[in-house]
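Here's the structure, in structure tokens; my notes come after.
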Amino acid sequence: MFSVTVRDHLMVAHSFTGEVFGPAQRLHGATFVVDATFRRAELDADNIVVDIGRAAQELRDVCAALGYRNLDDEPEFAGVNTSTEFLAKVIADRLAERIGAGAFGPGAGGLSGIAVTLHESHVAWAGYERGL
Amino acid sequence: MFSVTVRDHLMVAHSFTGEVFGPAQRLHGATFVVDATFRRAELDADNIVVDIGRAAQELRDVCAALGYRNLDDEPEFAGVNTSTEFLAKVIADRLAERIGAGAFGPGAGGLSGIAVTLHESHVAWAGYERGL
Amino acid sequence: MFSVTVRDHLMVAHSFTGEVFGPAQRLHGATFVVDATFRRAELDADNIVVDIGRAAQELRDVCAALGYRNLDDEPEFAGVNTSTEFLAKVIADRLAERIGAGAFGPGAGGLSGIAVTLHESHVAWAGYERGL
Amino acid sequence: MFSVTVRDHLMVAHSFTGEVFGPAQRLHGATFVVDATFRRAELDADNIVVDIGRAAQELRDVCAALGYRNLDDEPEFAGVNTSTEFLAKVIADRLAERIGAGAFGPGAGGLSGIAVTLHESHVAWAGYERGL
Amino acid sequence: MFSVTVRDHLMVAHSFTGEVFGPAQRLHGATFVVDATFRRAELDADNIVVDIGRAAQELRDVCAALGYRNLDDEPEFAGVNTSTEFLAKVIADRLAERIGAGAFGPGAGGLSGIAVTLHESHVAWAGYERGL
Amino acid sequence: MFSVTVRDHLMVAHSFTGEVFGPAQRLHGATFVVDATFRRAELDADNIVVDIGRAAQELRDVCAALGYRNLDDEPEFAGVNTSTEFLAKVIADRLAERIGAGAFGPGAGGLSGIAVTLHESHVAWAGYERGL
């Protein structure tokens, strides 16, 4: 099994609902350093999993659509705790949609899975992985 | 599959028995930077895998119980090579016990697995993963 | 010249005023991974710059007083762009006050300077250094 | 499941064929920081996955045989795009051969898999994993 | 004293002349992860050292002009050992020129110094710093 | 001013005397990841600060002479708290002696300073710098 990973980041404000979150119930923020991993069983005709430059550009677009915002004000996240692990799924699903729509090129049809990890600090990170 | 990881560390002395270990047969020491990963298929009612603050506290307690010691003098490790990979299992098992005992809260019943990685330097690390 | 550095972090929301900031004029957030460095010409009677445990605790207290907040709502920062470099100075000055107040112990009188670096992502950080 | 990982690096020149590679079609180069992970279900008689010193030496030898070269001039890679993911497989396969030839010692017969990750920058890496 | 640092990277081929370089006399390559630090005594009217976005863009441009090339074929480096430390100076000087030409905006007149570090691997890096 | 840095590590046991050290008064251990920086105003005839390979080898030798030991049993450290900052000075001084003895080659006469940083964990490090 082969994989390629690219890294980018986004910076957002948000708050959480639920006693378990303690002080994080207040409006605060986070930098999420995002690692997006693309997997496939065999390399494509160019001998790659996916072009790193194209994957980096797609990840940048997905991060830019989320970043520099207060997620509490985004209608799509109304009433949702935008936890690190939840946002990992949001990003993985958006990358999967783009692969399905052809944004990663025709060779990307061979991709079998995606894993996304969001680092919220030097001591905590969360992830989500799914098939394609 | 979702995951959350928290990082802490411990600092111990120990020695190894066996020619394969070369100079590490002498009493020496290590800082182990510990990454503990918690996995589950679906998020809980708060939209998380496990509360990062609680997970960090539990890992800190497990590290504190092992740290600032000479492991060669601990009865529980008598006659055992406390290798990095072995200690990864010790920490994973202790975290699993705490989850079973309810220390991570009732929502933690949905956790399906733990992975622990111990970084012994910038060029070597070891890990152990298990189900719950 | 000797130095000791400890690392902690804080997570805040804020926004910036000024066209130069582009999308960062919107309410967003950041994780700041904070490195606080303490300098002195000669080691103290215990052969250290400052006790790492005590320095870590003081930094944790300073970070906790700032973290999990929307800095735009804090009266002390009213009308101020809480840029990464500005916050580095805030933290350095607060640590200096604590040293002056004796929180780092009597041996800390020999400290000659502080440097604080705030990492806002894997590709950007800012710092401030000052004498004592 | 247990694992041990060791890190080393190599520095090579190469070029790629195919429009997808853009400017990387020109002769350029890369540092690959290489992480080699060895997996096994149970620890060996010394309570380890594999001796970290021996694994590090084997990885160093494999990296040295590839490094400080222009891969475009190596007969074994003639007409091949030596992408990061492809090179991860080359290194994994060479390590597997050495394990099979006994270079990792008799205890290494219990190893069940290898994973190799090549970091080409702080924002991109690729990997390959296989059984033994 | 305040500072802001941004990180980018470039990937090049090159070779060295001189017995001291051993195998690095052969054509090989490197990824250089580049940290560019900008220093000033007081913050500007926007409460910053320099806009991080603008600094990142300028560094990207400087890296792009050098990257994906065989430095041995570049006329400006003919007969020169393009060592890591030498390239740090090249990048620092180019950034200084851009600051002088106004690319960092009018507020950048207050900058007093630049430091550039090039990481060639996880175990080696080199730097150059200069005034403005 | 130019600089070159190389990284290596050592693993030792030790204990500290003094109430300030709390649990670190017990015999414990540490991995020290060591960064040794060499500085000079102008590059030498080969266009470098110092050969990275030679610097790495010298640092490895210095680390090997200290590593895999219980520092409490070393006569040279009898009655001394071998704190991280103290060990940074030990390593810097040993590297300076080797430079003086010609181990870094004749070009190393132009070196003007050394800085050594010892990382004891992901959240704490200490350093020492001196002239030559």
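Which chain is which? They are A, B, C, D, E and F, in the order written, and residues in each are numbered from 1.
By definition in this document, a contact is a pair of C-beta atoms (placed from the backbone, for glycine too) under 8 Å apart; a residue touches a chain by one contact, two chains touch by 3 or more.
Just so it is clear, the structure is predicted and the values come from calculations on it, not from any experiment.
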Between chain C and chain F, the fewest steps along chains that touch one another: 1
Labels of chains that are neighbours to chain B and to chain E: D, F
Chain copies touching (chain C, chain E) - same or different residues, decided at half shared: different
Which listed pair, A-C, C-E or B-F, duplicates the contacts of C-F in over half of its pairs: C-E
Pair with more cross-chain C-beta pairs in contact, given B-D and B-F: B-F
Chain B on chain C, rotation in degrees - Cα superposition, rounded to nearest 5: 180
Approximate Å spacing (C-alpha centroids) for the pair chain A, chain F: 40
Separation of mean Cα positions, chain D and chain A [Å, integer]: 27
Where chain B touches two or more other chains at once, by residue number: 7, 24, 120, 122-123
In the complex, chain F residues that touch chain E: 1-8, 43, 46-49, 51-54, 56, 105
Contact footprint of chain F on chain E as seen in their complex: 16, 18, 20-22, 24, 80-86, 88-89, 120, 122-130
Chain C residues within the chain A interface of the complex: 7, 9, 11-14, 23-24, 26-33, 67-70, 73, 120-123
